[in-house]
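Quick one: structure below, then a few questions.
Chain naming follows the written order as A, B, C and D, and within any one chain the residues start at number 1.
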Amino acid sequence: MPGEQGETSKIRIAIVGSTGYGGVELIRLLQAHPLAEITSVISSSSAGTPISDGFPHLTDIIVQNLDGVNASEIAEKADVVFTATPSGVSSKLVPGLLEAGLKVIDLSGDYRIKDGETYEKWYKHPAPEQSYLEKAVYGLCEIFGEEVTDVDFVSNPGCYPTATLLGLIPAISAGWIDPKSIIIDAKSGVSGSGRGTSLTSHYAEINENFKAYKVNKHQHIPEIEQVLGQVTGEPVTVTFTTQLVPMTRGIMSTMYAQMNGVYNDEDFVELYRQYYKERPFVRVRDKGIWPATKEVYGSNYCDVGFAADARTGRVTIISVIDNIVKGAAGQAIQNLNLMMGWEENLGLGYTPVYP
Amino acid sequence: MPGEQGETSKIRIAIVGSTGYGGVELIRLLQAHPLAEITSVISSSSAGTPISDGFPHLTDIIVQNLDGVNASEIAEKADVVFTATPSGVSSKLVPGLLEAGLKVIDLSGDYRIKDGETYEKWYKHPAPEQSYLEKAVYGLCEIFGEEVTDVDFVSNPGCYPTATLLGLIPAISAGWIDPKSIIIDAKSGVSGSGRGTSLTSHYAEINENFKAYKVNKHQHIPEIEQVLGQVTGEPVTVTFTTQLVPMTRGIMSTMYAQMNGVYNDEDFVELYRQYYKERPFVRVRDKGIWPATKEVYGSNYCDVGFAADARTGRVTIISVIDNIVKGAAGQAIQNLNLMMGWEENLGLGYTPVYP
Amino acid sequence: MPGEQGETSKIRIAIVGSTGYGGVELIRLLQAHPLAEITSVISSSSAGTPISDGFPHLTDIIVQNLDGVNASEIAEKADVVFTATPSGVSSKLVPGLLEAGLKVIDLSGDYRIKDGETYEKWYKHPAPEQSYLEKAVYGLCEIFGEEVTDVDFVSNPGCYPTATLLGLIPAISAGWIDPKSIIIDAKSGVSGSGRGTSLTSHYAEINENFKAYKVNKHQHIPEIEQVLGQVTGEPVTVTFTTQLVPMTRGIMSTMYAQMNGVYNDEDFVELYRQYYKERPFVRVRDKGIWPATKEVYGSNYCDVGFAADARTGRVTIISVIDNIVKGAAGQAIQNLNLMMGWEENLGLGYTPVYP
Amino acid sequence: MPGEQGETSKIRIAIVGSTGYGGVELIRLLQAHPLAEITSVISSSSAGTPISDGFPHLTDIIVQNLDGVNASEIAEKADVVFTATPSGVSSKLVPGLLEAGLKVIDLSGDYRIKDGETYEKWYKHPAPEQSYLEKAVYGLCEIFGEEVTDVDFVSNPGCYPTATLLGLIPAISAGWIDPKSIIIDAKSGVSGSGRGTSLTSHYAEINENFKAYKVNKHQHIPEIEQVLGQVTGEPVTVTFTTQLVPMTRGIMSTMYAQMNGVYNDEDFVELYRQYYKERPFVRVRDKGIWPATKEVYGSNYCDVGFAADARTGRVTIISVIDNIVKGAAGQAIQNLNLMMGWEENLGLGYTPVYP
């Protein structure tokens, strides 16, 4: 709901990659932000045309034409820029934007892996410059939110890592589960792979189909392992399966771990509620209730539930997010709020769209 | 995004039928309304329990328990009540609510058909009391918006009639099409039939299926004919097919009519843009572009496009809405805004959720 | 279920375009045909590789590698060839195949339109040679089945025309409806546009979406008009809307026409049952029951139902098929059976896959 | 494709529970079986009416009316009876059918768990009589096929256990994985829960949703543990998550285990191909290729793939089936074939329906 507060106080926003799914979701969410104003929507491929040509749902909403990618022009029009560009593109683009004096929130994966060699092993192309890797703050708000305040450059976490890390960290931090035993069975809707066309996003191939891909090979693995390593203080290696669900939005991460003691469902519920008690976007389900992806659809929530099993000594942790909101555009705006010193949930109080 | 303005100025809202799809959508939309506050969510069947038991997506959002249906209690808690109840229920409920001094916006079909006999023929149960039928203002905002201002009782239009009438009325009013020739081929997502369980909403029966139902027998036919009769000044009879699409939300009404003269696509585009130029929620597509249901998903828009065919002398008009928003809860709030003298689109400026 | 009869009596089949949806469906159906044997699967783009590389569902079923497109080689391996190639490709390929002595069943649209000029207007590329256009028999089996016996070259009908013509012809032939009044509102699953990747087959764009395309411009219009013209003896012009349903398979054609007299549902049921009484694949629903696409899924049936409306003097005729079976591969095999003088339904007695 | 062989040699089949999804799938598959003939379709609730009233896809295919449930009448009409009845119903029905001299293949879960106490703990109702529990042979054909020959009473395995056990047993038997470490993350389409209506099969609740249910509590757990215990000779306890995928058919079981040595993908491929080399329905994917549910749609195949991970010492095994075919009706017919001494795949050679 745009424009419900005075225009003068708003910060100006540019969005690079406005014709991808992350970009249009940033537009949807920022349209309703009370302290932000979109002043430039940018696409290298479609500059000069109306965005509604490719996205008719934005008819009458975004009326300005798409701009091209030019750091100094962006700096004239905007205070903050979101780079919703593919990995490999952001690494070339971001340094210039920062030098032009812009604050940058990067939604690509380029600045998440702090070790360049690891980046290149999993991403299969050259890593960004080391100085920028060090400068980028990893914006997993519920865990590292304090580090985001007042910085100029945030690297927004990946969708799978967001769901997975929010589900694992409280139990790991408490020492309740064995980090060596972690197995992650993750599922995603199709929007996660973007708007590019390929056989793996072809409707007739995906509909009525459930399939695994990149088993143990997904580039989000080193991101998860890096953060878990930070949290535990030692290297962590996880088993990680990614699977495609015939739906557009949503991620579920189903996580398995050996418990280090005897804990039941209520213990986990209580631990997590305590851990996230100041955080508006993590909702912990009652004992015996597990979240479903549709319950967070279109919203910035991450919902978590548990099944601690006395028979096997293992706990199953289930975490869901909307991959384009909490897994991308929503969390990026949450980072904007933190950078600006605003309320974490400003302009993000969306009730999930249900059904 | 609730609570961004001071609480004191807000009107208090009660929602009867909070555990249906219309009810929870009212909750979603009103949560973000700057001048309204939900003070009571009501369900005859689940009173006393948290609404999040049945709708976990509302966890942490609606924390009060469901109330029972009691007119005087509602009147203590609220200024305006939305009745999102089944047809046959509203007719019994509404008189008491009005007498208790509440303003009422009724989302059932009970008060739309002004002729009791016609109502009973199509709805197969007794018509509401005639005095209330007369009192109810038919709230198709873009057409009859002026009549809604300052009234106490609005009957919210049906989903199919909304899409259909907004698509037909400008051409009919202009005399460009022959009302006797109108054929309406309408398609709806499954949420249109509510949360009740039956074989026709069973996933395995609906998925990968496209089916017709109630051909020429749907209870929205007399509603459409009544309004077209008002507009033309004579009785209108339409051919009307309803079909179920394997999707949750969305209505497309594909309408066919004989043209009374030679008009091309641009003529229709211009006519409709002129007709709706003051109206924020109708978007008219450019020549050769037809709207798709997903382009209005989760929003209050009605998008319209045309194909005037010189070969046959017929025009095809295509109109889409989100059946739960513009076809139910969104239009009901639009009516609230008009009743209150507020901006028509206050709290309704949602960008469609895409993809 | 292959191989249940002796191999010696089988005719040998080659399939050009084996890596498209029409091609793999021919494989599925012919695998179970008692008198046919697939001896060559052909793909210009993937020759030399196993078909299961691109279609793992054929693992262990088709073990030979894909062949290239070479008429004389095909003629050595096969007696009959199915060309499941794009329009524009078949027109170049078929003459050579016929000259090599093969019987040809063409699934492209190239040989359906008998008038070259009309072809070029709608298909936007050069028409095939006139002599071959004349030679091709239009294989709509239930209507022109007799003409198919003993010929060497059959042009298999389009998916939309099959559903539409089987729904219209009995009523038109009986003089019950006015050909000038025909309006066809057609809907198709996504497989109809093939395996090529584009935004209009992208899962995230199609799922939870219903959209119209090529309104009054689809290349199946002249095919329908040509056949209706043959049946009535005069030119027929139709209004024709094509729409995309979020499902993989299935076509529904909803047809509207003015009745020339007073007929009710039973009259239509009786007329159609009489008309198709010798035909195994058309099933006429009882009065008040309309077919759904899923009820013919994976089978060669065309199911038809009616709603004759005394209020408007119009009849609504609803016809459904599986677009890849009766609308493509199944009807092509039905044509094979007729060409060979076999039972029309030999090897085609599939019960629909439900649910 | 019914009737392609002489009727005289066929055995006569009755199907109890013909109006459930298992029952109609038995009809679909048996219609094409060369040595079986359906002589009675039975439903306690709909006896005396045509099955096509509830399942229009069977119009013209099954023309006899539904029979009631009467053991002696069934014994007059049939030689073999399939009981596709809910658990708790079969246990009451089967003894009478066996005493009437019928061979019985039971698709309910009632006779799978050999220990009555365990049955009652997980199924929450009384166990069948012990003598019948002992008599029932567990018909997991690829593992226990030899035991099925010549018996009168087969208990058909559950859908999840079929996918899971076929995926685990070769590795367990070879001693390559640690049975104590087994974690099973299973996913199913909605048809698995049958045709009964409930909120968990409501289209609008399931579409665009992925959800877990009965985590560690599903009644298929003791079935899996019982068989793994038989194979290993000691008790096995597994972690087992069941999840609902927005699709109609298909199960994927993603299984995790600690390897007892150093094995790579090729090792597993070779081990499984060797293990199943005489079995027509298990297909083992090449290294680096994982199966998808759609690749077995409508067929009796079980496809398996692997990811052995040197980093973690774990192997991920992925197994898919069509839950209504290999997970129910197809495997039941496979058991029929084995009981009768026919070829295991007689009448079951369906190519998967793709796309």
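Here are a few things to note about the model shown:
What we mean here is this: a residue touches a chain if its C-beta (ideal position, glycine included) is under 8 Å from a C-beta of that chain, and two chains touch if they have at least 3 such contacts.
Keep in mind that this is a model prediction, so the values were computed, not measured.
Relative to the C-alpha centre of chain B, the farthest chain centre belongs to D. Counting C-beta pairs in contact across A-B and across A-D gives the higher total for A-D. Rounded to whole angstrom, the centroid-to-centroid distance between chain A and chain B, based on C-alpha atoms, equals 35 Å.
One simple way to say how far apart two chains are is to compare their mean CA positions; for chain B and chain D this gives 46 Å.
If you average the CA atoms of chain A and of chain D, the two centres end up 39 Å from each other.
Across the assembly, chain C contributes residues 21, 189, 191, 195, 204-205, 207-208, 246-249, 291-292, 294, 297, 355 that each touch 2 or more other chains. For chain D in complex with chain C, the touching residues are 1-4, 21, 24, 27-28, 31-32, 34, 55-61, 191, 195, 207-208, 248-249, 283, 285, 289, 291-292, 294-299, 303, 347-355. Here chain C touches chain A in the complex through residues 21, 189-191, 195, 197-199, 201-208, 246-248, going by the rule given at the top. Chain B contributes residues 183, 185, 187, 189, 204-205, 207-213, 215-216, 237-239, 241, 243, 245-250, 252, 254, 256, 290-294, 297, 305, 307, 309, 311-312, 314, 316, 318, 320, 355 to its touches with chain C in the complex.
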